[in-house]
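You will see two complexes here that share subunit A, one where it goes with subunit B and one where it goes with subunit C.
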Partner chain A sequence: MMFRLFELFRGYFRINMVRFLAYRVETVIWLVGMILPPVVFLSVWQSAAQQAGRSLAGFSRGDIATYFIAVMLVNHVTQAWAVFLWESYVREGYLSYVILRPNPVMFQDFAENVAFKVATLPVMLLTAVGLAATFAPTLHWKPWAVVAFIPALLLAFALRFTVDWITATWAALNMTKVDAVNVLFFFILLMTSGQMAPLPLLPRGIQMVANALPFRWMLDFPVRLLMGRVGTEEALIGFAAQAGWLVAMTGIGFVAWRSGMRKFTAVGL
Partner chain B sequence: MDLLLLFFKLGFVTEAEYRMNFYLHVFETSVKFITGISVLWVVFSQTKSIGGWSWDELMVVLGLWFITSGLINMVIAPSIKQFMTDVWKGTLDYVLTKPENHQFMASARKVAIFQVIDLLIGISVLSTALVRLGAVIGVEQAIMFSLALFSGGVILYSFWVSLGTLAIWAVKLENLVLVFFAMFEAGRWPAGLYPFWLRYSLTFLVPVGLAITVPSEALLGRLHWSTVLLSSAWAVVTFFASAWFFNFGVRKRYMGASA
Partner chain C sequence: MIRSIKGTARGIKSALHLQDLSKTYKVHQRKFGVRAALKSLVYRDYKVIQAVQDVTFDVAPGEVVGFLGPNGAGKTTTIKMLSGLLYPSHGEARVLDYDPWRRQREFLKRITLIMGRRNQLVWDVPAIDSFEFFRIIYGIPQADYKSMLDEMVALLDLEPLLYKPVRNLSLGERMKCELAGALLHRPEVLFLDEPTIGLDVLAQYRFRRFLGEYNRRYGATILLTSHYMGDVEELCHRVVFIDQGRMLFDGSIVALAERFLPYKTLQLRTRGGADLSAYGEVISRVGDMITLRVPKKDTLQVLARLVAELPIEDLNVSDPPITEVVKHIYTLKEAALAIA
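On to the complex of A and B.
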């Protein structure tokens, strides 16, 4: 079973790898959309810090640069985009073929996701170096935190991928109009995950909302861990939160998928 | 002109068929609006101004951003996308056989009427901000603003026409459209906040800065005539260049597929 899944993954991975390398321009274009937003917020917050003439909630101008460059990289690794694919899957009838295949549906999306990231990682790293040259980030490494960052990053990816997949499949199977759900999803993600600002800079109200939702564990936690801004105790809480949310979301995912499949009436056959 | 009115009517009729879509669009636009406001609010919870722009001044930028976005998404983007598909499928032949200006047909044929909501939001944000600023807009400023806004619009229009024309050479261009919208998001903030490479690409590569930042500055009275004149001159150049490019593409390079 495990071996078969592995073979399957390799197959899908290869297909997608070839695809991303063949359509290089398309791939690069996707990257623009992932690089620009962090750069915009980086510029905005650096100007704000300069205007204030002090560090904001403990973030100096250099820390802000480090934060958003790390956000860009972590966001790249944890990114998931099923919410973009699933509306057309359902509307154009593609899903009907996919569910006939004797493998878990999620697997295909997963392999595509990993292939894209492997193919584009060099470009992202180069961009990060370029940005580091422009924005003068400050670095304070803590060796243990850098080691702990790796599992945090993987858990963040698992969590983001699961939540994204649940949202996509739920919206696509139950309402066929995914765009409206997407817009809301990205709004919440933007506000509470740390994409637009380090969480300590947010007003109290938003911080409280962020604490109640899973999104901060997908981005804010790994990024601040990497920057060495998280104490040991907070790191343990973070790992526990990541694991807890992941288990809960996987459970919800199973239930939602089952009920969605029961409702699904193929379009386009 | 009559034709444009007809396209608007057609757009309205088509979309009125799908009332649910209207509510969805209202919802999406409201979320977009709330996002814009919340981001500004969060930034201003930490500081009183950024890059020399106060809250109300940035609201002017946001208002203009919504207006520009509404205009582009209402007429230009849907029509040019249609044009790209037509080139690809060969159905452009049907457009070219019509006795109207080709470029006009290509860039105004499809109207997404719901974008009116974005326009209205933009106008209300802009006017609220101006009232709160208590801005006394002198005649000179008004002229500068209109000139700058008009030039910015023309430059963006020419940009889109050129982008569409490129479809005659390279078939898969939908993705360039995505780059435009990614860059366009950056136009919510004054271009001056960005590092030079991004500022220049926002001015020359994807002329969002010229369409949003420059008119805002004109309205707030911090613009020199030289910039306005440069922007207008650039508008004239890009307009004629893109029109030439379009004609060259359509007449000399487009081969037709259905004939």
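On to the complex of A and C.
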């Protein structure tokens, strides 16, 4: 069973890797799009901290640099984009072929996701080194937190991928048009995950919304854990939140998929 | 080594079994214009479309059946239900004794769906990469994959196409690769929806020849929809005809012609170009060659009169081409529905 799953993953991974290598320019453009936002936010918040003449909500200029370099790397690992892909899947009829393959539909997106990241990770790491040399980050790492960061990162990826995939499939199967959902999804993610700023720097209202949604556990939590800004109690709460959201989302996804497939009209074919 | 799939379908009476299969869609509709579009924001008007209605037929293992009907007849919807893409609203569908809707892994490994002008090959990489991908996801053993690929390459003349990005292939070349990719796992049931659409005459011919060979070699069951009657004539002994979601006919092509266009076509050349309207309906006159349509029951009698009364130089009697039959049914849709 495990061997078969590994074989399947290998097949999907290989074809997607070949595809990314064929789309060289597109891959570079995506990479630039992923690197630029954290660099811009880093510059903006460092300037704000400098003008304030002190730290912002406990974040010094060096902490801000560390935060956004970590955000760039964690965002790269946890990034998911099924919401972006599924409209074309449905409208061009490709989904029908994917559905008729003898393996779970999710495999296609999962393997594509991992293949892209493996292909581009060296560039991201080099970029991180370059940013570290430029923006002088401060490091306050705690060994246990660095170890705990690994499962937190994996759970963050699992949660983000699941939420993204459920949103994509729900919108595609029920509405066919996914674009509008795509815009809303990425806006909420930007505001409440910690992508735009460390959450303590944002207004109280946004922090409350962020606490009620799953997105902060996809980015803010693993980043602050890596930076050593999370105590053991908060770390345990973080893990519990990640696992709880993941279980809930998987359940919702299962129901949404089954009901969506009953409504699916296989348009585009 | 060529492994026949005939044995695997043996023991099943029907490869395809449809009993009162029906599908309804709820479709949002509105009138023309901006005002109607604005109104539809608050008030949605839905219409229930009966796409397929109580369709019942069986297809034996190894049989090739033409599934005919005009645009919007319900052919593609039926094929989508049989392949497992759509959930039926009513009735039963069984394919190789599986419930298609469940899309069990073993079921999906035994069928294939080919839609004309639709791609499942990855657009920007050579077809051979997609083939290797299909080998892995269908769990095809290396030896079987190699023998099947070699066979496809030989039958479809694929060698020059394998290593070019799919986007650089012509439509005909791409469809050949699509066909090869769809058959690598040696499916027992093929659902083909307009597979030759857009192909030139030669490509259509090769496509049909290959499908015929695949059917003979592996005993595969094929359900084919096509608007090119050449596909149907060459591959299918039996046709199922549907219109407006309802089944009108199930039988041989000859029986279809007998039921809906019970005429014989007489082509004859006479000296002097006589007026033949007294013998039957004159369909065409090209030089000395005249084509007559004569009711089937009167054919012998008309032939005897023609031979006795006219100086005939050449004579040919044939059934009307299937294209004529289908065209005739399309024009007599309402009457045909009444017959059914």
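Things to note:
What we mean here is this: the second predicted complex is superposed on the first by the 267 of 269 C-alpha atoms of A that agree within 3 Å, B and C clash if a C-alpha of one lies under 4 Å from a C-alpha of the other, contacts with A are read in each partner's own complex, and residues count from 1 in each chain.
Criterion: contacts are C-beta pairs under 8 Å (C-beta built on N, C-alpha and C of every residue); 3 or more make two chains touch, one makes a residue touch a chain.
No experiment lies behind these values; they were computed from the predicted model shown.
Partners subunit B and subunit C, brought together by superposition on subunit A, fit side by side with no clash.
Taking subunit A as the reference chain, the count of touched residues is higher for B when subunit B and subunit C are set side by side. By the document's definition of touching, of the two partners only subunit C reaches A:Tyr12; subunit B does not. In the superposition on chain A, A:Pro37 makes contact with subunit B only, not with subunit C.
Applying the stated contact rule after C-alpha superposition, one finds that A:Met2 touches neither subunit B nor subunit C.
Of the two partner chains, neither subunit B nor subunit C is touched by A:Ala133. Contacts of A:Trp45 after superposition on the shared chain: subunit B is touched, whereas subunit C is not. After overlaying the two complexes on the shared chain, residue contacts for A:Asn103 are found with subunit C alone; subunit B is out of touch. Judged by the touch definition given at the top, the superposed model places A:Phe264 against subunit C, while subunit B stays out of reach. The superposed model places subunit B and subunit C at 80 degrees from each other around the C-alpha centre of subunit A, with the value given to the nearest 10.
Once both structures are overlaid on their shared chain A, subunit B and subunit C have a minimum Cα-Cα separation of 5 Å.
Once the two complexes are overlaid on chain A, the subunit A residues touched by subunit B in the first and by subunit C in the second are 23. By the touch criterion given at the top, residues 23, 25-26, 29-30, 32-33, 36-37, 39-40, 43-45, 47-49, 51-52, 56-57, 134-135, 177, 179-180, 183-184, 187, 190-191, 196-197, 201-203, 206 of subunit A touch subunit B in their complex. Against subunit A, the residues of subunit C that register as touching in their complex are 25, 76, 80, 83-87, 103, 105-106, 108-109, 111, 113, 115, 118-120, 122, 124-125, 129-130, 132-133, 135-139, 165, 193. Per the touch definition, subunit B reaches subunit A in the complex via residues 20, 24, 27-28, 31-32, 34-35, 38-39, 41-43, 45-51, 172, 175-176, 178-179, 182-183, 185-186, 189, 193-195, 197-198. Contacts from subunit A toward subunit C in the complex involve residues 4, 7-8, 10-12, 14-15, 18-19, 22-23, 93-94, 96-97, 99-103, 261-262, 264-266, 269.
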